[in-house]
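Structure provided below as structure tokens; questions to follow.
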Amino acid sequence: MNAPLLKLDNVTVQFGGLKAVGDLSFTIGEGELIGLIGPNGAGKTTVFNLITGVYEPTAGAITFANKSVVGHRPYKITARGIARTFQNIRLFPSLSVFDNVRTACNMHLRHGISHALARGPKFSAEEREIEATVMELLEIFSLTAERDAACKSLPYGDQRRLEIVRALATRPKLLLLDEPAAGMNPTEKAELMKLIRFTQEKFGCAVLLVEHDMKVVMGICQRINVLDYGRKIAEGTPTEIRNDPKVIAAYLGKEEE
Amino acid sequence: MFERSKILLVATLLTFAGLSHFAGGISPYYFDILIGIGINIILAVGLNLVNGYTGQFSLGHAGFMAVGAYASSWLTLKYGYSMGSGTLNTTTVFVLALLGGGLGAALAGLIVGVPSLRLKGDYLAIVTLGVNEISKGVLQKAEPLGAQRGLGGMEQHTNFFWTFAFAAITIYVVLNLVGSTYGRGFLAVRDDEIAAEAMGINTTKYKVLAFVLAAFFAGIAGGLYAHFKQFIHPEGFNFLRSVDIVVMVILGGMGNTAGVVVAATLLTILPEFLRAVSRYEWLPEWLRHVAENRMILYSLLLIVLMLTRPQGLFGNFTGKRNSKLQ
Amino acid sequence: MIEFIQQLLNGLGQGSIYALIALGYTMVFGVLRFINFAHGDVFMLGAFAGFYLGPKTLRLFGEGPSYSGAFAALVVAMVLCAVIGIVIEKLCYRPLRDRPKLTVLITAIGVSLFLENAGQLVFGANPQSFPELIVDRALEIPESWGAISGLTITVSQVLVFGVTLLLLFVLRYVVLKTKMGMAMRALSFNPVAASLMGINNDVVISFTFGLGSALAGAAGILTSIQQPSIDPLMGVNAGLKAFVAAVLGGIGNLPGAALGGLLIGVIEALVVGYVSPTYRDAIVFGVLILILIVKPTGLLGVSEREKV
Amino acid sequence: MKRPLLLSTALALLATAALAQDEIKIGEFASLTGGSASFGQSSHKGTALAIEEINAAGGVLGKKLKLIAEDDQSQAGQPATIVRKLISQDKVVAVLGEVASSKSLEAAPICQQNKIPMISPASTNPKVTEVGDYVFRICFIDPFQGTVMAKFAQSKGWKKVAVLTDVKQDYSVGLAEFFVKGFTATGGEIVKDQKYSTGDKDFKAQLTSIKAAKPDAIFVPGYYGEVSLIGKQAKLLGIKVPLLGGDGWVGDSLLKVAGNSLDGSFFSCHFSADDKAEAVQNFVKKYKAKYNGETPDDMAALGYDSAVILAEAIKKAGTTDGEKLRDALAATKAHPGITGSITLDEKRNATKPAVILGIGGGGFQFVQTVAP
């Protein structure tokens, strides 16, 4: 096996006196679909924020494609090929569905401000190219009909899907999904699982999935990491995790300390 | 291949050039108001890029106007009259001086923007207000620029064409920028900085860019102002002037360029309109008296407007429009 | 050296005025997260309350200046300003509670311009002479105290400093020990949670405005005792400086506002005494910008981490 | 909104045009609201009183004068707009204003270009009348007043003087500059040079360092609003030497605020409301009657004089033609104004005596007149 795509090595982050994540290590290989689960407040979203540069780890190393991402601004990390969605949806509320996705194409622009102002043929060609890309993505996630709708007006499930589309528009090698199934009904969830697997295959990107719904996680993930109080308590295939007494204890609550 | 907005710009400029020939015929008073409208459009549309489209709150726009006014005046006073027999005519010197003033203001915007744009909301407002005060203080002390005595002696180069040509260019730049994929970054920064960063947008770069561009246009507006009024004074670029421009942006609807243009026009006319109202002898005494106290009326208008139409007279920008590519 | 100490004392006197006004800014920011730009003008109204009502309160306690009369004027101005503050909030800010901060800020600027211009119309634009509430004189410092005897300390300076300290202690008590104070703190911590806990946010916000405005009213009287020339625009500069003080100390933080006020007062006195008053405003704002850039939350403020 | 404005203004113009034959229009721009409103209102009141009196006495050239006063809100940019309006819309024959030099400097080029005479009642910056030959002033300029006080200080035998300047007022800076020049030229020493800004309330910092320098007197060429507080605080700080100042000291509230703290101080000015001269007392009486018992200050007296001088010049010229009016104004000689005998020199500045007043006993005492 090649060197892993993403590698967390003894990562710790401390907020004031609180250790939100402690000595966390795990890896994700190219094209893998990995789950990250744990009870509420276990530090899953914090892990996302560490990987994407929103927070900086107090100790430890995070490497992506053999290069450290620690200390880089989030936009630079995105440019290296990590994209994410947010637990509490963060679309651009005043922009249309189309523009939300289009904005994510921003970093791949070959032409800058001067072309935007001069509006020459190169500019028009590139804008058409972006339009085609965006429309293709919307098509895959069947959001074409909503292209001009205000993103706020979309149903909840569609907003989650739109966030995934937007993240994919940055052409990531690794996609971080933060509770994509939250608020979805069983049918939508089933569809989402299909979509995630499809995404992984079609775009060839690895996926790190934080999700509360065990059916979703167990159903699609190749391997699962379990966090509790910021520490990793288990790692393994869905079957292994399902039978791990530590995981069960963490989820059901320990009898007595 | 001709882009629609480009054709429109050229057509507008040509129309202004044509109209400019008739501008001499109108009353100097109306001409003064007209130039005031043009200058305020440049200021407000520029500031709208920062306060409206990028969601940052600058409260010191008059400071950049001052930089442009003083820089361009210094340039024309120093080089304008020695060019008589030289290769450049006075109009060229004037336009170069305007651009120089704009660049000076842009530089000031860069120096102020880089450190202070890390701050958000109210903090940014107070820092920009502070910079406004500091620049005023420095000008009051700057002997070569007349210090607290003010700077005069500039010739009246500002005319209808140059004022409205620059207004048209400002509108063209702002609209074309925010309409492009590149410029959607400004809106993304306004809507959600963290999400914007996660989409690979360098939020700092966009904020500074918006700030520098707005400062540039404020500098141009300052130069036009200085070469119209022919006398400038540090007090003319105070906090109240900055508030005026912010009010135009808010009244027009943040991030709504057309609305801001209308608001800038209305707010420039309003005081002169009230001046006229206070003279009508057939109006009831109390009404004329109210019109005389324009500042009280202005402040009340501001409060009532915010209470009843906080989105501005013409509403905010919403995502429904402009989502198609040109 | 004596001169330096004298400058420090002068700065502290002016600084306590800034501190009192800054507290109002900071309290309102604490509960509503917005800058009440009209606060400096409430300070001006406090001074004019003293101008019109001071002679009347003096008469209650006999002829001529008296401390009890001055104290009565102080209380009257504080109550009046509290009412004005509450009314302003009710009429102008409450309907905008859920609107963007910017809308409220512009409204506040509107209120400020209104009070200033209406003040010019009603009170007249010319500076007015503030009635003599107490007899101000320099305190005699015995020669035997050595070098310190060269200092000049006036009755009004002592009074201003003393009353400011007293008000700070009262405020501290109100915020830390009373139910209302607890509600204020809860509200500033998390408005939604506070209202879920049965706190009536409207009442608390009204109370906060009242309290802050009362302090501004007190500052109006105190400053006029020291400098008995008042005019409708006196709140502009004082308000701006106090606001800078609040941000400097960490806006939303009460001890920070007091500290910021005193610091601004001292910095001003030193700049004026040793550099040049031309640079006073520039240096005050320069210090502010520097602090904000190095520590954006101000001297005593605590940063709020945005939830992602 | 724009069209109705144009339309209604045009209508209003038509309506007034009918009356235009029997009146002469005079424009005035002043800061009636905003930061400098206290000066603007005073000069406007003086001007309005003068126009009223002239009309009561039958007007000029058989016509009534009509004063069109516009408020510039103390804002830069406004004077130019207003003066353009006065000249092009109202067709005024002359313009009166402003107190602040920075406002006059904005209006002057426009009056000059339109060949409409402009008289500033109180702008002391030398540059104002340098704009062109249509721009006049009826107050003495900074060099004169500064020099007068320097001479006065010398005659009192003071050797060491401290200076406290208002840096926001070019008036104050100008006076200080010429005072220092005059005083040091003849062997005097400036022991401390301190500054403050208009609107300041606390001067203890400056006064503390002035006190440390032990001067014989302190020159404070500011406006009365601040000077009254400076006097009060100087006394509190134990400064016993006299304060010296200029015409900016004159104001209704100077002694009300300062109490007896300025006793023993001196200042130069244009006029004194306590002057026993009949013309002055008449003016004071009429002013008080018209404005609720308010005592006129320098600005009011200068505003009054500016209007009277203009009316006299129109009479002399026998026409309202700009060029002839300018010549008549330029020929003003020994005009017996409220602020003294006024002669306009070839630079269109007023040559007139300054009055030095002393403070004591709750009022001003006449000390001496210094002829130019």
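Labels for the chains are A, B, C and D, by order of writing; each one numbers its residues from 1.
Just so it is clear, a residue touches a chain if its C-beta (ideal position, glycine included) is under 8 Å from a C-beta of that chain, and two chains touch if they have at least 3 such contacts.
Treat the numbers as computed from the prediction; the structure is a model and nothing was measured.
K.L.:
Using the contact definition given at the top, which chains are in touch with both chain A and chain C?
P.N.:
Per touch definition, common to chain A and chain C: B.
K.L.:
If you average the Cα atoms per chain, which one ends up farthest from chain D?
P.N.:
Between chain D and every other chain, the largest centroid distance is to A.
K.L.:
Using CA atom means as chain centres, which chain is nearest the centre of all the protein shown?
P.N.:
Answer for the innermost chain: B.
K.L.:
Give, as an integer number of Å, the spacing between the C-alpha centres of chain D and chain C.
P.N.:
Each chain reduced to its C-alpha mean, chain C and chain D end up 36 Å apart.
K.L.:
CA centre of chain A versus CA centre of chain B: separation in Å?
P.N.:
Distance between chain centres, rounded to whole Å: 42 Å.
K.L.:
Indicate the whole-number Å distance between the mean C-alpha point of chain A and the mean C-alpha point of chain D.
P.N.:
72
K.L.:
Which positions in chain D are in touch with at least two other chains?
P.N.:
33-34, 167
K.L.:
Multi-chain contacts only, two chains or more: what residues does chain B have there?
P.N.:
Residue numbers touching two or more other chains: 140, 194, 293, 295.
K.L.:
Could you pull out the residues of chain A that touch at least 2 other chains?
P.N.:
Counting only residues that touch two or more other chains, chain A contributes 54, 86.
K.L.:
Which bits of chain C are touching chain D when the two form their complex?
P.N.:
Where chain C meets chain D, its residues are 2-3, 6-7, 10-11, 13-14, 117, 120, 125-130, 132, 136-138, 152, 154, 156, 223, 226-229, 231, 233-234, 236-237, 268-270, 272-274, 276-278, 280-281.
K.L.:
For a test of understanding, state which residues of chain A touch chain B in their complex under the given definition.
P.N.:
That would be residues 52, 54, 73-75, 78-79, 83-84, 86, 90-96, 98-99, 102-107, 109, 111-113, 115-117, 119-121, 123-124, 126-128, 130-131, 147-151, 166-167, 169-170 of chain A.
K.L.:
Along chain C, where are the residues that touch chain B in the complex?
P.N.:
Residues 29, 34-35, 92, 95-96, 99-107, 109-114, 116-118, 121, 243-244, 247, 251, 278-279, 281-282, 285-286, 288-289, 292-293, 296, 306, 308.
K.L.:
Applying the document's contact rule, which stretches of chain B touch chain C when the two form their complex?
P.N.:
On the chain B side, the touching residues are 51, 57, 115-116, 118-119, 121-123, 125-127, 130-131, 133-134, 137-138, 140-141, 194, 243, 246-247, 250, 254, 293, 295-296, 298-303, 306-307, 310.
K.L.:
Which stretch or stretches of chain B touch chain D in the complex?
P.N.:
27-33, 36, 140, 147-150, 152, 225, 228-233, 235-237, 240, 265-266, 269, 271-273, 275-276, 279-280, 292-295
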